[in-house]
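Quick one: structure below, then a few questions.
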Amino acid sequence: MFVHSTQIRVRYGETDQMGFVYYGHYALYYEVGRVEAIRSLGLTYKDLEDQGIIMPVVRLEAKYTAPAHYDDLLTITSQIVEKPDRFIVFDVIIKNQKGQILNKAKITLCFKDATTGVQMRTPNSITDKLEPYFS
Amino acid sequence: MFVHSTQIRVRYGETDQMGFVYYGHYALYYEVGRVEAIRSLGLTYKDLEDQGIIMPVVRLEAKYTAPAHYDDLLTITSQIVEKPDRFIVFDVIIKNQKGQILNKAKITLCFKDATTGVQMRTPNSITDKLEPYFS
Amino acid sequence: MFVHSTQIRVRYGETDQMGFVYYGHYALYYEVGRVEAIRSLGLTYKDLEDQGIIMPVVRLEAKYTAPAHYDDLLTITSQIVEKPDRFIVFDVIIKNQKGQILNKAKITLCFKDATTGVQMRTPNSITDKLEPYFS
Amino acid sequence: MFVHSTQIRVRYGETDQMGFVYYGHYALYYEVGRVEAIRSLGLTYKDLEDQGIIMPVVRLEAKYTAPAHYDDLLTITSQIVEKPDRFIVFDVIIKNQKGQILNKAKITLCFKDATTGVQMRTPNSITDKLEPYFS
């Protein structure tokens, strides 16, 4: 299993008039979580795209347990529980500065050739880096 | 069962550099879908808030089947399959102007007293309007 | 002079915890205004991009006079006061359903070859359509 | 004069299909810039709101010189050139990791009583902290 944590601070523009982070903006937080998780492996999603591979999200499941508020310092923990193959799945937990769990999500992405749109297996550049975490 | 459809046009600022609508922006489309569905019943979500009731999202499940593109004219169909009680669930299907299904989602919301934060049952103002669709 | 008006309804996700539309989201409203203005001429910005021309914003000036609120039905009036040449300038006024002016903006865009990034004059497809309004 | 710099990384969801950061998202970057500038003074905007004071933006001027790209590490430099009185003005410069200037902006905000909506002078909690920079 691979686990990585990163932090972000809630922006004013991400709140809504309930005074909570709008439910759609968590997608950006999950993105930051998985991008930084990949960066910690010594890769970047940007490099992947430069090599002609895109990673669209195919499935999202999210549970909103407690609201995030303006200026909260959130910890986003992203886990890859299963060795990715045709899909890569990130299990995400978001906590606030008090350690309270606010949100749990599962995001499934696939890999596609950016030019043809054809789906492909997880590139070796990723599986090689993840190998140590699944053996 | 209650069913309602509405249309929106994809904005440029909602696309990302893949040339697709960013996966987080669908939350706004689901919102427009359910808000217009409620309006078609003769109610508005705004009135509900003015009466001190908020409707936070507690759960979101979304499947991204095909990408939405810039300037697409999307049809958002929102269904309430079960009579709401402690929660209200919207089943949403988004199609493009060719009738192609792009996205399916299930969004679960609850009702809370805006001042105390205490969860409440679906207000009578809503259940009364929905009654004909579930009898 | 060319003038065009269109309407949009404020989405919940566009408000912030002040209960106002976040100042950054007006950029989306200006975009809808100019895109629909161009469409009313019998062109679409999408076609322009399909022909390899992009229109990045180079300058934005906005005055926020009064706040827009959730569920407001806004009228966006976009004017082209001067015949476009190296730049095209949109003067925008946003009013709410009561006719109150909320926002005034001036947005300057240029035209670029999408492949080379080289700036170009306003394409003939646009100047031809605007000709009647400036003669 | 008061000057403060902070860094942010461009998120994928902030790009558009040109491959550039959408022009409306810079508003979020200016916000992060001024919020961190205020925090560096030993105050937070959150505290201000908790005291019943809101700071709506009344004017925005932005020049887009060069595009920001996905995953760019941006440096946002926020300056307060004049001692704030009825308004506070932030002059912002955004550079990328190569030191290239991408964007310059001037954002004018006022202070309002959150309950009454009445405009007020810059609170002493802010002017006291800024005093050393303007004497």
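By letter and in written order, the chains are A, B, C and D; residue numbering begins at 1 in each of them.
The rule we apply is simple: a contact is a pair of C-beta atoms (placed from the backbone, for glycine too) under 8 Å apart; a residue touches a chain by one contact, two chains touch by 3 or more.
Everything quoted here is computed from the prediction, not taken from an experiment.
Visitor: Once you count every C-beta pair in contact for both, which comes out on top, C-D or B-C?
Guide: Counting C-beta pairs in contact, C-D comes out ahead.
Visitor: Can you give the whole-Å distance between the Cα centres of chain B and chain D?
Guide: 33
Visitor: Roughly how far is chain C from chain D, going centre to centre by Cα mean, in whole Å?
Guide: Spacing between the chain centres: roughly 24 Å.
Visitor: Cα centroid separation between chain B and chain C, in whole Å?
Guide: So the centre of chain B lies 28 Å away from the centre of chain C.
Visitor: Mind pulling the residue numbers of chain D that touch at least two other chains?
Guide: 12-13, 17-18, 22, 24-25, 27-28, 31, 49, 70
Visitor: In graph terms, nodes being chains and edges touches, is this line, ring, star, complete or other?
Guide: Shape of the chain contacts: complete, all pairs touching.
Visitor: Name, in rising order, each residue of chain A that touches chain B in their complex.
Guide: Residues in contact with chain B: 17-18, 20, 22-28, 31, 49, 54, 56-64, 67, 114.
Visitor: Which positions of chain C touch chain B when the two form their complex?
Guide: 11-13, 27-28, 31-32, 35, 44-46, 49, 70-71
Visitor: Per the contact definition, I'd like the list of chain C residues that touch chain A in the complex.
Guide: 12-13, 15-19, 22, 24-25, 70
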